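Each of the next two complexes has subunit A plus one more chain, namely subunit B in the first and subunit C in the second.
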Partner chain A sequence: MAMLRESQIMKIHYITGIAALFVVAVHILMRLIIPFSLSLEYENVIANYHNIPYVLLLESILVLIAIHGFNGLRIILLELRQSKAWEDGVTILTIVAMMAVVAYGTLTIILANGSRF
Partner chain B sequence: MEVADRNNREGMKAWLNPGRYGWERASYWLQRLTGVGLLAYFVGHIYETSSLTQGPDAWAAMLELTQTPMGHLILLLVIGMSAYHSANGIRLIFTHGGKGLGKPGRPDYPYDAVSLNYRQKSGIWIALILAATAMLYGASVLFGGE
Partner chain C sequence: MTEQIIEKIEKIEKKHKKKETIRSSVVLKVYRANRRAGESVHYDSIEVPVQRWTTVLDALLYAKAYKDKSIGIRYSCRMASCGSCGMKINGIPRLACYTKVSELEGSTITVEPLANFPHIRDLVTDFSQFFSHHRDMRPYIQNDEADIKDRAKLSEFMQSPEDLDKFLQFSYCIKCGLCYSACPTVATDTKFPGPQALSQAYRYFIDNRDAAGKERENIVDDRHGIWRCHFAGSCSSVCPKGVDPALGIQLLRGHLLGFSKNEKKVADLRERPKRD
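Our next item is the complex of A and B:
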């Protein structure tokens, strides 16, 4: 099951965490450049999804946080219990959940964009 | 002869026990609790925004559910959790890289760990203060009536 060493996985964990910090900061700033309630209006939100650089930012947030978050969950679960079956099960479960969340989020981005890539 | 139970695993009890290692222990489980909380919010946020694809009415219905005082309080908690998790996470990256741990010393009584020093404690306090500041700013935006 060990395709990567734990030290390599931790490096990925740290890099995705720091990268997520920057892209999420831009995502939040986009909510604050106009009054918060106005930024949530349907037309404004859809306009964001029609802006290709912003779409790429959203996709990067999705991938970075999914990797960082589900690997974090894997680490917590492996700290609680150790056995070969548990470790393999947790790893598979978190990878599947991560891929499902990325797929669902990407589908939203593509549909909201209206295939304007 | 009776076989002694050699299972010393404490499980969740050890994980949640803040009494053993002081602030560092509290920081340890806060990092994990905020991480799980943020992951739950992340999944919920993706589900929330997926209503966009069903048109303006579905989006308005979702906003009615989330843009409430309770929704804003949850968002405020998320702001605090993300500020703490980020700042404490940066401290941990440095710590795992061996920075700020101090030099190894002779283990004299009362055997205080050199690694659990003022640098680490300051990092934890900075993370907590940043979280509180971010929550105050978040409250001014969310409840400020803009």
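Our next item is the complex of A and C:
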């Protein structure tokens, strides 16, 4: 079942956590370019989705936070019960949930972008 | 490094040194239960006379000798060397022989069995699982070059003071189980080896006489292994011997993540000089 060693998973966990801090900081700073309330207006939000570098930033936030968050959830759930079936079940469930969230988020980004990639 | 450790221990001792209160007697509130006999949990209050130097173990043994012979308690050396008399004293895991009554606040002392251990009776807990985790770490030097059977080739491992400093504090562990009892991860995850076993894994991992570093990495690099440590640090604060298991765990994690390299040169074996 274990495709990756726990140390490799934790390395990914720490890297995605630190990287997420960086990209989220950039994302928040981008809100400050224009007045905050103005930045959340429909036209501005759609305009952001048409900006390819910004779209890539949003996608990276989505992927990094999904990996970091769902692995965190896996770790918490692993401590609840100790059995092979539970551990494998939790691992599969969190991977599937992570992929579903990334797929749904990516679809939203693509739709908002109007498929202008 | 040794000076730093001594300084650290002195600082901890100074911090924990409480004002002594001289009393002529204290009330021991002893946890009593024998589940096998169908006894439910209750506390017995026993008044015992104390002196300035009376330890909690002395008080308990007085109570056992003169008040209630049925109190279940495990002890041996009475000098903080064997690690047998670990128990929760006023809610904190401590060695009963190493805790003076005069250092504790209040005139009532509550003694309970160690948490995170299966309970046997009264203050006695089962250490089988704890020792099993310790055994899993292979707590001994592994070096195929050392042939202890061939007496003619019996040889010595050369080790510098710097090499010794890397693991010395971890070798002071007496396996009393206080750190295991204080660990919040052990409380929820029974497969987690606990701070004692993990710090011993580091103790042998970093020892330059040992050549099984990779094998030790594989043992602790598990779903329920070293990564489940929350770094609460309670293990280090309760250790009666000044060992810092949390430090050992973090150092070993650094090696597993590749931040630190175990660039030890495995100690050379020196042939025994031939006698004429």
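Throughout what follows, the second predicted complex is superposed on the first by the 117 of 117 C-alpha atoms of A that agree within 3 Å, B and C clash if a C-alpha of one lies under 4 Å from a C-alpha of the other, contacts with A are read in each partner's own complex, and residues count from 1 in each chain.
Note that a contact is a pair of C-beta atoms (placed from the backbone, for glycine too) under 8 Å apart; a residue touches a chain by one contact, two chains touch by 3 or more.
The structure presented is a predicted model; accordingly, all values stated were derived computationally and were not measured.
When both complexes are superposed on subunit A, subunit B and subunit C occupy overlapping space and clash.
Touch criterion met: A:L40 reaches subunit B, while subunit C stays clear of it. Once the two complexes are overlaid on the shared chain, A:L78 sits against subunit C while remaining clear of subunit B.
When the shared chain is aligned, subunit B and subunit C each come close enough to touch A:M10.
With both structures placed on the common chain, the touch criterion links A:L32 to subunit B but leaves subunit C unconnected. By the touch criterion defined above, A:E59 lies against neither subunit B nor subunit C after alignment on the C-alpha atoms of chain A. When subunit A is checked against subunit B and against subunit C, the one touching more of its residues turns out to be B.
Overlaid on A, the two complexes show subunit B and subunit C touching the same residues of subunit A, namely 10, 14, 79-80.
Listing the residues of subunit C that touch subunit A in their complex gives 185, 188-191, 217, 221-225, 227-228, 256-258. Taken together, the subunit A residues at the contact with subunit C in this complex read 2, 5-7, 10-11, 14, 75, 78-80, 82, 87. Within the complex formed with subunit B, the residues of subunit A that make contact are 10, 14, 17-18, 21, 24, 32, 35-37, 40, 42, 45-46, 49, 62, 65-66, 69-70, 72-73, 76, 79-81, 101, 104-105, 107-108, 111-112.
Here subunit B touches subunit A in the complex through residues 9, 11-12, 15, 32, 35-36, 38-39, 42-43, 46-47, 49-50, 52-53, 56, 59-60, 63, 67, 82, 86, 89-90, 93, 96, 141-142, 146, going by the rule given at the top.
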